[in-house]
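Sharing a structure below in structure tokens format, with a few things to ask.
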Amino acid sequence: MRREIPLVIVFLFGLFMIVQFFIPHRSFAFLYQEFNNWTIIIGIFTMVIGVGSLITVHYSKIRFKKPGWGYSIVTIVSLCGMSLIGLIGGTENELFLNLYRYGLSPVTSTMFSLLAYFIASAAYRAFRARTVVATLLLISAVVVMLGRVPIGQIITAWLPEWLQLQNIADFLLQTPNVAAKRAIYIGVGLGVAAVSLKIILGIERTWLGGDGGK
Amino acid sequence: MAGNVEMGFWDKLMAIDRRWIYLTIGIVVFIPILLDMTLPVYVTAEVKAVYDRIDALPQGTVVMIPCEYDPATMAELRPMAHALFRHCFAKDLKIVSCALQIEGVTLVKDDLALIAAEYGKTYGVDYVYFGYKPFPAIVILNMGENFRKPFPRDYYGTELDSLPMMKGVVNYSSCALLVNINATSGADYWINYANGRYKAPLALGVTAVSATDYYTFLASGQIFGLMGGLKGAAEYEKLINHNAAATKAMNVQSIAHSVIVVFILIGNIAYFASRKRKKAI
Amino acid sequence: MKKSGFKFLVVLAVSIWLTPFASFAEVISADSAFQSFPPMPIIVTVSDMPNDPGGALIVEWSIPDADSLTLASMNVYQISRSSNPDSEFESITSLVAGSTRYEDSGLEDGKNYYYRIIAFDNDNRLAEGTGGPGVPSGQWFNTGRIPILIMVVLFATTAIGFIVSAKKGYKFYVRPIAGIRAVDDAIGRATEMGRPILYVPGLGTASEVATIAAFTILGRVARKVAEYNTRVIVPNYDPVVMAVCQEVVKGAYTAAGKPDMYDANDVYFVTQDQFPYTAAVNGVMLRQKPATNFYMGMFYAESLVLAETGFISGSIQIAGTDQLVQIPFFVSVCDFVLMGEELYAASAYLSQEPQQLGTLKAQDWGKVLVVVLIIVGMIFSTFGWESFAAWFDVG
């Protein structure tokens, strides 16, 4: 029964979601809205499980002085500190906002900035003209990289319009890119439909855990 | 002997410590910031479409500009948001905004207030900020019925009906258009629900990487305009004749892209030279 | 006497001549210039909004007697509503000139509504009309979505048909997917090196198909890991995903007969913030130096940061995502990449179950159908027959 009940629930709710898409009547719209509200509420409560897991893992590291346990202290202090400051002072109090603006915000921006370095090293290492297809990819990458910045316009300004880098870059983005993306979207869409059907019919059961629900 | 040293050089170049590449990028990104130069920015049709549509709106029209960026993506999307806010306020349009990404709630609020103050705009009369609610798909769907469904109150806790600007502003159909500035794949929800179900005229401002995904929607007419990354922001700044962060950043981006292209060329030259040596052996 | 008499006659004649103009001048006063002319009729039709939950009506109007000049002079339409044509109408909105349609909502189902439309030119009432009754009601079927219903039924029927065929023993060919075949080798490598395996299930929620596909591959990886006595570390972005991953890994260890090997601290929640999560995972990579990294699920801008850090720490990397924009980053850094549908097909590929393979085949035939429709649509549109493409325009 432990496995059958979730499968029945998934089947019934999955079927309802399909059916309600075709029935605009108020009663079905109301139920759809209610189920969406339940999703929000359940999702928020799962955060409790997540925070519990985080504290358990890091407390265990601190208690047994596992490698990196100092960082675990920082994690727990930050978690509890920000939560208490926000709960007691509200999210508009100066301390909370300053911790966000001058602590979290620069740290997050810095992590994103690492991409600039990583893309350079990845491009240097991986963009090799090993085959004809790889060469085409390389040329497209160079054209778009230069065409999307002012320097591309400057260095090819003397050429006819159709040979200028920014126009070639625009063409690549608006034609081959769109065609390829559309094709992949169609495939992905069918894949999503197939997996959803498998889940509703109970064919796909890995989400149940325990060796795929077998 | 001289030939062996020359071939060894290419092998060493291919296996160069990546920290030299990081250092070069660091220098190349830093120096243009110190220089006072402005490279010309050419405007693309998809950005001009957004500008033209907003520019044609009469005074007092309500425009919705929901923003979903966070500290990580604000470098690309904040200049875009600023340019849009400036354009709307300069034309005395009224802005309705929200932030459906929790990390950016305070950022968007601060940005809106900052630009509004520049133009002497009053909260509640010229602009309203709803704030954040979780599960963007559901919020976007509900806003199509009535903004008050997911947001009975604004970010500051004031009832929407008590705000002068919100009288008669019910849902997307009360807004002349929507321009969603989005760092996430949540832009898909705006396309599917706001435009697909409620037929709201929609334009997107996204990161440069994500922009390639949304050209398909531009081509199909589901969005009427698209601004991609810092370049899109720089184009919009040019159109409103207010060069700011994005225009300055184009200098950095131009040089950084050029250096990466040089790295790629060097890498390929080293690769072919090394391959030639191995074949000779 | 004669001169004054002549003058009197002239004045009298002029007065008589001017009299009609005078009376006409009385008629033409600034305030009442057009009120003496009745307003033109507006034909107003009120109908129920189709394919809606109820409570909405469509009001449409036309002014057949007005020429283009008159229409251009109208600058606002005032719309009023009442539930009784003889009682007072309540003004509900004003629309700019040129409008011919208004959608009214928030009404009561089953009740009669009448609408009056008045066209104004500044203060002058140029045209007026009343229409109704319209009765709002909700529909039980959205006729605009019939094409979608047909496709859903077709797809489901095809999938069920293939499943039934597969159950009867029909063998379907599935092309080899390098990334999935490499999973076992990658796990073996980790065992030989005595280093753990890192499995990143992505930044999606448990309701996303890519994440569900990640659960399937995790189940496979966890089973192998249990058999080889290797450790698997699964840092999670979403608490619900964490809960499912814990069940999957625990179940896999139990199925392998080694339930005591399962360590709940190895499948844990990190944070629901993108780059802090990335920083935490990077820290695991640089400290624990896993032999193999799996990135399966939904990834965004952090994909290159994760993959490059994994490359620096010397791991073999197998990635799978349906985020098209991130695939190039994974391709340039990882050893194997499952792109888009290949990730969804992993479940069928690994289990080789008839039901799974049947739906995979249905997907393939679905694509064939789409290609056929595209070609047909292209031909029709080329010849100007737009109705075919219009049929697929659903609300």
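For clarity, chains are labelled A, B and C in written order, and residue numbers in each chain start from 1.
Note that a residue touches a chain if its C-beta (ideal position, glycine included) is under 8 Å from a C-beta of that chain, and two chains touch if they have at least 3 such contacts.
Treat the numbers as computed from the prediction; the structure is a model and nothing was measured.
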- Task: Starting at subunit A, figure out the least number of steps needed to reach subunit C through touching chains.
- Result: 1
- Message: Count the C-beta contact pairs for A-B and for B-C, then tell me which is higher.
- Response: A-B
- Message: Need the CA-centroid distance for the pair subunit A / subunit B, whole Å please.
- Response: 17
- Query: In whole angstrom, how far does the Cα centroid of subunit B sit from the Cα centroid of subunit C?
  - Reply: 21
- Of all residues in subunit C, the ones touching two or more other chains: 273-275, 301, 324
- Which residues belonging to subunit B are in contact with no fewer than two other chains? 18, 70, 72-73, 103, 212-213
- Note on the structure: Touching two or more other chains in subunit A are residues 43, 107-108, 111-112, 119, 121, 123, 125, 127, 181, 185
- Per the touch rule, the subunit B residues reaching subunit C in their complex are 18, 70, 72-73, 103, 173, 184-185, 197, 207, 209-210, 212-213
- Note on the structure: Listed in rising order, subunit A residues that touch subunit C in their complex are 18, 21-29, 43, 46-51, 53-54, 56-57, 60, 67-68, 71, 107-108, 111-112, 114-115, 118-119, 121-123, 125-127, 181, 184-188, 190-199, 203-204, 206-212
- Note on the structure: Given the complex, residues on subunit C that touch subunit B span 103, 273-275, 300-301, 312, 323-325, 395
- Message: Can you tell me which positions in subunit A touch subunit B when the two form their complex?
- Response: 33, 36-37, 39-40, 43-44, 91, 97, 100-101, 104-109, 111-113, 116-117, 119-121, 123-125, 127-129, 138, 141-142, 145-146, 148-151, 153-154, 166, 170, 173-174, 177-178, 181-182, 185
- Touching residues on subunit B, where the partner in the complex is subunit A: 16, 18, 21-22, 24-26, 29, 39-42, 44, 70-75, 103, 106-107, 134-135, 138, 141-142, 208, 211-213, 215-216, 218-219, 231, 250-251, 253-261, 263-264, 266-268, 271-272
